[in-house]
Amino acid sequence: MDLKEFAHRISIRVRTFDIDSQGVVHNSVYLKYLEIGRIEYRKSFGYKILKNGMFDDGLKVVVVHNSLDYKSFAFTDEILTIYTRISWIKSSSFEFLQIIVNEQTKIIICEGRGVCVNLNQETNKSEPLPEKFIKEIKSFESNLNIIS
Amino acid sequence: MDLKEFAHRISIRVRTFDIDSQGVVHNSVYLKYLEIGRIEYRKSFGYKILKNGMFDDGLKVVVVHNSLDYKSFAFTDEILTIYTRISWIKSSSFEFLQIIVNEQTKIIICEGRGVCVNLNQETNKSEPLPEKFIKEIKSFESNLNIIS
Amino acid sequence: MDLKEFAHRISIRVRTFDIDSQGVVHNSVYLKYLEIGRIEYRKSFGYKILKNGMFDDGLKVVVVHNSLDYKSFAFTDEILTIYTRISWIKSSSFEFLQIIVNEQTKIIICEGRGVCVNLNQETNKSEPLPEKFIKEIKSFESNLNIIS
Amino acid sequence: MDLKEFAHRISIRVRTFDIDSQGVVHNSVYLKYLEIGRIEYRKSFGYKILKNGMFDDGLKVVVVHNSLDYKSFAFTDEILTIYTRISWIKSSSFEFLQIIVNEQTKIIICEGRGVCVNLNQETNKSEPLPEKFIKEIKSFESNLNIIS
């Protein structure tokens, strides 16, 4: 994957409590890192995340799938850069594609994918993403696959 | 402290992700263990904890103080017993006194104290605990200090 | 998926700190639950997990892939049952297939897959799983796909 | 407490997974925030934290006591500033005094204290802090209580 295609990135520092009994970042912690990337990605459009974990765009978007491919280990106090882009968008869902890289060594630590679905606020059933949302992603992403 | 004075206990198992970069249970994780003890203590009276983290007793009780004295280390897969009692009760507050013991070796791992305050649902200001609450604790605890 | 095919299961209780700002179990926490299932699965063969997060079988097995499909939400104090089985085994790798079910409602909360690889202790390169390991899994699993 | 007395500070952002079922930062998470402050405080002297969670100053310093006074709530996406200073130092121990403040509103969220003890690498018994360590703290802190 070409890091230049990732329009958003943010760095975090691995903390002592992110480490597990094997002495490396625990495999579940990467989902926290990926979520930081996803939220900051969306915030970069000017939206705010509210106390209830939803954005002030009026949408109810939830994660329905996550996958992680662990490529290397990460250790205490390392700085990791989380590269985030949206790879595809469908009527009511889209996918975050993300890469976590050790900032100093440039080694890829982890690749992640997360599929999000837009839900109806009342029924919790999937419903089409609004045009505004799709337009914003289209104009931000250079290599977006629009699946109709 | 005499473990016989602790009317409630529950055991948990240390998990790989509770361990930190020093190879021991992270100092913050003990507050999770203590909270498990406190919630199960209250549930033992027949109350249920609701989705919003409050009990179905109609009270809004929050933690205002926690302290921990670390006595020994805990490691992956060990079983820890959390001993819980209420040590004192005042008009609108009370204290959980807790000891965490390695179930196998009986070594004390940690001692904890947590002070809780009863808040008014609307104003969030402290207000007296209801008589029913105090009565329940009184009849459950053998060595309760009632501070008036 | 047929739950009867899952030879191992263990139940956990959702704790207040597993919940996130959306009021449901955070998507990363399920990887902790899955790991509990995987470790208890392996322990059920009589192996012990050591302080360093490895088993006393002399192997260095690490997770290289995790995926999660979120089917429903889980809330504070619910009991979740983690069903675990090994679905396939190759020369140096194998896959955990897992389902997390709400114990009371029997609703499926989450499905997970985790691919593990056996590494050489010194070189950290993948190497064939020992015969003993494969034999144990074979005799435990009723529906194991052996990929040669 | 006078914030001007705190020679070190660092800001963190509250993340969705720091929130608990009550919709606020979980009481255990503040110990993570405090640890970030303590580690960055020590790093500000030029020391590095190693993979095993110890600093490269050759010391084995562990936390033996933590206390937290919760003053107000913190919510998703807020920026919190962690003010850290060492308040007293004894032969083999010292105390971190810390305040967590909402960066925007300046409201105090939490006050924390952590007592650390210097251990002998082999015996794990307390032993006097080296002169160099005490000298460094002395010259950094404007209001240090030296207890002999």
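Brief remarks follow.
Order as written gives the chain letters A, B, C and D; numbering starts at 1 within each chain.
Criterion: contacts are C-beta pairs under 8 Å (C-beta built on N, C-alpha and C of every residue); 3 or more make two chains touch, one makes a residue touch a chain.
Bear in mind the structure is a predicted one, so any value in this text is a computation, not a measurement.
Each chain's centre was taken as the mean of its CA atoms, and the one lying most distant from subunit D is C.
Each of A-D and C-D has its own count of C-beta contacts, and the greater count is at A-D. Per-chain CA centroids place subunit A at a distance of 24 Å from subunit C. Annotation: 31 Å between the Cα-based centres of subunit A and subunit D. Separating the centre of subunit C from that of subunit D, both taken as means of CA atoms, is a distance of 36 Å.
Shared interface positions of subunit C, i.e. residues touching 2 or more other chains, are given as 16-17, 19-23, 28-29, 32, 35, 51-53, 75-76.
The touching residues of subunit A, when paired with subunit C in their complex, are 20-23, 27-29, 31-32, 35, 51-54, 62-70.
Touching subunit D in their complex are the following residues of subunit A: 15-17, 19, 23, 32, 35-36, 39, 48-53, 75-77. Contact residues of subunit D toward subunit C in the complex are 16-17, 19-23, 26, 28-29, 75-76.
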